[in-house]
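Both complexes below contain chain A, partnered by chain B and then by chain C.
And then the complex of A and B:
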């Protein structure tokens, strides 16, 4: 007793520990995830009745090289949808080859915030991703199959001159508010996007590249079809049509005034959920800023499964809005989230650990479509205020030398970057199209494998050697070869890559000043001030992953033609040839021919190396083990939620 | 006291004016603007980005007469001019010969005449860049009519957006303030009553830990603690099923979520108050009047709370005024790490994205809070300390 009173601190610490252990012991036991071995199929079949949903079987999808298309399982219990469906199934309903069980709440998280729910000008990446839950387009892109397929249009026709496109609208489709959807709504949606006073980048794709003219659009009520008359042949027309979400005319007619339309001020982030009327699989139920978006089943949705049961299976979808990717991962680890898209490199080990404990499936999706690159400033212009060249004379002399760029390319140890920065989970690339892009990858582009001796020899042969013994080479005019490398400070991985490249170039005998700066500054210097030497950045890939999406990068007039943007006229012959090839791709509908054109573009860039493509990371996604059925993960974004209408959740 | 308050209130308008002007200038001086991100997106055309900038009031589109009025100018070695020849759009001449819009737009992306910057989109529509001073005055003019602008990001009036988050942040920072004062001041006093005792030393250790551990780190530790033990939710302000709970269930749920963030914020602030309270109290206890009181035979409690504490409390009241100003922005890091849907997060994103109207509105609110916090502190001071006269 005496010792206790003398040392109250120790005693209280001990008792605290004891209580801690006690409570931890009570809560540590977590219910295991529902996994049913395949052998139990028979018992499932017996209990597969509507009112007693048995534990359905969810196929384990990890350990697969490339996720396969899920197969329908007729033994699956049907379950009871709540809220229930309303009205008749459309005679034109799409049949999806799946089965599933009704019910449940699907929870996932996104980094970001809703800027607007308006599908006419979805501003941020989040807005673009979430609009597909509520709104449907005429045609849509299937991330699993990598192809465009019909949505609200049941099919389409192209005239022989490839200038008239006719989209036939499905009959009997209803808006989420019960009104009938028809060709008038489709016409209205395109009129909204084409309105001269509505600023939306969805309009860009439809514009004629020279004159800026938009296609004519009209409704053919007799055939319930929407007809477009194009001013030129456009191979990407289907993609552009797929970007337009169909919105109800009966709801927004009065906001598409001829002068100063107020449509973009509607459906903002504080809109009444009842105002967001679409044809998508879900309707907005509640939005709490910075917390969550809650959706529930659209009772009028127009897809059915292989048993003629209506979709979607899920009663509710909750998107948790998170700001910090670490927290997001912790939520997934704790089981709060059903899936995790784009598992970042720093959580890879934890994901593998979860896989080993059979808590989660880690899905290996292959090489990402996003590329990392470095690029030299080849801008020949002068600053209009000072009259000084953007790139000073010595640097321009080095950077414009093709042999110098070749030497740099040979000196960069892509394998080293892969091992050190990416822990081996990446692939070296030689073009903007990574091996992950099955449709457009070209294996025949020129490659410049790591060979420091060869790189040194190239510089030695030009007489660019170190003459004063300070370890840095001088060019043939005696100027020390020293320049800076920038990247954006927000990206840790890129900073690591930048350090490795600097080291490689120092080994080659160059002096590099590596400086990560704020992204906004970087973009400004790339676009406006043109005051930079060498830059390390990356390109993301759009959906569909067609090179026509990257015209702003590839064309010599492009704003993001990194080495010399917005050229008044093509600066070199090969850039003029690329401009031509891109124009030819626009007017060619046959993807095989287009691929040939783009192979040449990739070869031209590989031969002239204005930009040095480095590496592409491997892509991973994760889902809780045995929880979500019909998952068909894709390399294209969104990786797992693109087929949300046919996902279903195993009931505990 | 009334005239004092009035004078303080009268000083608000010039203060707000200066603060907002400086904020505006700083925002304009940093490179890039809200639309820089959009310009870095390959899928967006210059035309649509510039049109959005026009809607936001960053650019002004030149009409036909203004274009013609520009006259002849030179850019990149060529002479350019716009001539009205009755067509739908003015004719663009390059070195005297008319050129197509597409060709002109490739050369004339950005040009400058007499220090005024112009920009040109893909269809050769010319915009003039709104300067910092001009932009400030148009904002000020609208602000006088109580129109504080529309957020670039959300396309909605700024105060509606701020109001959505205001209450969440206030809940968190007030809870933290209660913890900080409720624990800090009593601990400081007890430490002062028995200086160099075991209690004093352990309080000192807590204070140094609180002062030296960065809030972010502490918040991350708290999140790890929550995820390992499962006793507390991992971030958020309430659970996903919140709406299905009854009244008391809702309150319990909120407190459960509030506990860790408030503790993290409160303990780091507590350390300062504790040291302050201890120092003041020790000083007050050494004063002559305390000895006199003790000599008079006043009870120890009376000495402590009637004599010493009332004299020691003044600096704490002043500190309280300042803490009001940081109520809105002080919890930024905790909000980000612990996913609290507060205002700090919103303002931080607005600043990094350069959503100017939102930044200006939040700076205004913080300024007003600082002024009113100081006023409140002064008035409180006059109430607790009869020696202070406000005049």
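And then the complex of A and C:
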């Protein structure tokens, strides 16, 4: 037998035990003089004496106000632009109330890859964002003020019957290649979008909802104006016009043929940068796939600042293409990126730490406009191939029961979701319009606060009780209430929320099979196969944040009408009413009346709860401390780069 | 009895030992391998009785105890950093407190004194108090820290209200009961607002679940994936390798090209491709079996080739020839004479290959293709560490990685030891050494 002294392994085990005991001993010895009255423990006393500040920090909480507009500072040095501006500034130039210093390169990152630079058909969100750097529309949306502003059009007129819109084009504006931009170019751009053989999502907004007719567009050369003749009153017409980037006719004339136009095949991601001629603040200099996009100043840009200095201030803009938001954060933390938009909850503490070290400023933007929700499948249809209903008869019976949905809504602990998954930085919501959207938020929607007893009572009253003692309720026909909950596996946060919801529903006495699946499968089952029970997903908000932009969700015929998409005709009375209200909203130009209509839509959805809105995260943006001037962050995306032409960089 | 004993003594030689006995003798002398083996036994026992050892259920979320530190190593205390002057709804000025929590190593947490400060052998934990901390932007954050004035005793063999699993073999054959090895008794927990209590030896995760509990349940998956997977792949390997080696010719050619095909594809990509090919709407138990199957299908090739080589040489040995000339059928020769001779090497490879299965499960779950919430596995637990913030603020969430490390290392030590012990070239010398 080997003795202890000869066995190092046994020794190490013993010493480990000894250390453990020693540590335990240390903790045991600590309160050797425990005569202090309760509440005044030694360590508490210590912290109290050491940390009670002499005066409270006097900081007034301004609760979730929109960030203020930056002020011009006339003492700011002007600097030297490189490349320099060319030619005379247009007499119609927009004057922006800012000052800044020329020079510098602005670096930020976006997730994903460029699919195309073509502004007629931007494919992903990335493409939408980057086309705004090179191309300008007639009117644009000011994310800071939350309103539409003139851009290439200096102003516009609407006829009394609200069917004729006239946009007056600015004089003396030049393309990035020096050619003059005129009403012909504007006409050409709209002809391209309206071309019957050019398939672009931008066109959809202009279509008449029933006949699919497009507005007539013509150029009025004498007044240098573009005239639209609409087939119906459209309250969102300005938004649709703002979606169309103006492209140069002299470049692309030959590609807009009557038959089989080749315009969409141009300006793709492998186009020559010199071919991408626009009126935007920057021109494309270099594009390295999967790495970066480099822009430089458009020397002909048509905005000036409050000292009549031409914009943009920045010499160069670099967009780094990254694949992973963790990597993006690390780049920001290392100082490689100037700004970071949409700071996610799992990087919040790092952002606060950077703020405390005065390395970055973290901007609190308030409650995000993006909502998270769960939804039951209310599709009554049958699979045309097999003849089987999409939703089992039993499940359809439960899901279509309003009281059941109410009970589920009462059983979901939104506070728990907020505290865990969102680490306290979120707000419970009861409608698709979150409190962050101050113009459309409706406080009067029906709310179903967490109350497990009430939820249980609702089910008990219907006779849906647990009769066989397995912990799962049966409905009044004796069928065990059991269904599945899906969400997308790629989103960690959503998986956590899904887990919490399924626990809440288990507490209510239901059997839930929670299964995160791949996003594409989820979208397929939501849109096409309709084979799902309960789904957890979220809506993102568009710009402008007008509910009319969410028509494919709200209308019963919409493709994203989650609980029962693309209904041939409204399935219920309240859905018909919603369709009606949305149509009325389209034809009403007064935002107050429109808000009244949409409040009713929100109330109807709240009363009938086909979709259970859960929570909206707080929104944050971060920028390197003292590096970028004139930042005016906004809840709307892009949060900080929407006014890129007036940002300037502090020179080291 | 006596006669035979005398006989053996007469020969002047030590009693003959079987190959297994020799293997065991030599393995026993390898301290590293024995430590590995012992560690594995402890790990497997621990995870099998996971439900009993764990103080909580696998998915007991608790919204009040999110990301609390490991009580085994200390605890958080609260530090008031100042006040924020704010306005309430009626525009009256109010002061809102702002706090910070501070980690104390080996102070607080699991300790050995009661509320009055008297030393006791029974471990105690402090209740946790929730503070509402405000920042200058009007955002409120909940901060959880110990209330060190009070101590709650840790009770052993506590009875839980709900029935839960107490024993399970790799997640199968579950036995249910009410007893937990240790835990807090609800009667001891003070009922006060903002006061919560829990026994979180290794801290909690983002949903407030006890990490130690999740590790124990996760081990059932992570540790058994290797065993079941290696069983399947060795079975396939023995079958295919035996066939190819014994019959040779066209069989050998075809099967070995198949093996090369499998070996030529990078493992992880093959696993991911297979995972995509299989349906997504599976229950978590089905997912588990599927992962084992995928790993085994990818893993049998190298074993198969090795077996084939051994059978090829054993086929020409005298006893195989004798068996064949005595009219033994091919099946009988393969099963009775050839394969048993590969047993030692098969066991060695199996032991050395199990870590690949454990790591394969980790990779799959980490990437989101394996075990998913609300189930637990070590790979899934590590998934929480994908964000950089965890390393800085919640480093205890990496502890599951330590268990993976421990299991893989133990298997490698044991496998190395087994390989040395089963090495036939060292046979004579080792046995003589033993006799000395």
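Please note the rule applied: the second predicted complex is superposed on the first by the 586 of 652 C-alpha atoms of A that agree within 3 Å, B and C clash if a C-alpha of one lies under 4 Å from a C-alpha of the other, contacts with A are read in each partner's own complex, and residues count from 1 in each chain.
What we mean here is this: contacts are C-beta pairs under 8 Å (C-beta built on N, C-alpha and C of every residue); 3 or more make two chains touch, one makes a residue touch a chain.
All of these numbers come straight from a predicted model, not from anything done at the bench.
Judged by the touch definition given at the top, the superposed model places A:212 against chain B, while chain C stays out of reach.
By the touch criterion stated above, A:552 is placed in contact with chain B alone, chain C being left untouched.
In the superposed pair of complexes, A:503 makes contact with chain C only, with no contact to chain B. Of the two partner chains, chain C is the only one that A:416 touches; chain B does not reach it.
In the superposition on chain A, contact is made by A:330 with both chain B and chain C. Once chain A of one complex is fitted onto chain A of the other, the partner contacts of A:608 are absent, as it touches neither chain B nor chain C.
In the superposition on chain A, no contact is made by A:427 with either chain B or chain C.
Applying the stated contact rule after C-alpha superposition, one finds that A:482 touches neither chain B nor chain C. Of the two partner chains placed by superposition, only chain C is touched by A:495; chain B is not. Overlap of the chain B and chain C interfaces on chain A comprises residues 9, 23-24, 27, 326, 330, 521.
Residues of chain C touching chain A in their complex: 31, 35, 59, 61, 63-64, 66-67, 77-87, 95-96, 104, 106-113, 116-119, 134, 136-142, 148-150, 206-208, 280-284, 368, 372-374, 383, 386-390, 392-393.
Those residues of chain B lying in contact with chain A across their complex are 30-32, 36-37, 39-40, 42-49, 51-52, 54-55, 75-76, 100-102, 106-107, 109-112, 122-123, 153-156, 160-161, 164-165, 168, 202, 220, 223, 227, 229-231, 234-238, 240, 243, 335-339, 341-342, 345-346, 349, 354.
Contacts from chain A toward chain B in the complex involve residues 9, 20, 23-24, 27, 107, 113, 115-116, 118, 123-124, 199-201, 203-204, 207, 210-212, 264-265, 268-270, 286, 288-292, 318, 320-324, 326-327, 330-331, 333-334, 336, 381, 384-385, 519-521, 523-525, 527-529, 539, 542, 549-553, 557-560, 566-569.
Those residues of chain A that touch chain C in the complex are listed here as 7, 9, 23-34, 38-41, 43-44, 47-48, 51-53, 56-64, 326, 329-330, 346-350, 353, 364, 413, 415-416, 419-421, 423-425, 484, 489-490, 492, 495-496, 498-500, 502-503, 513-518, 521, 618.
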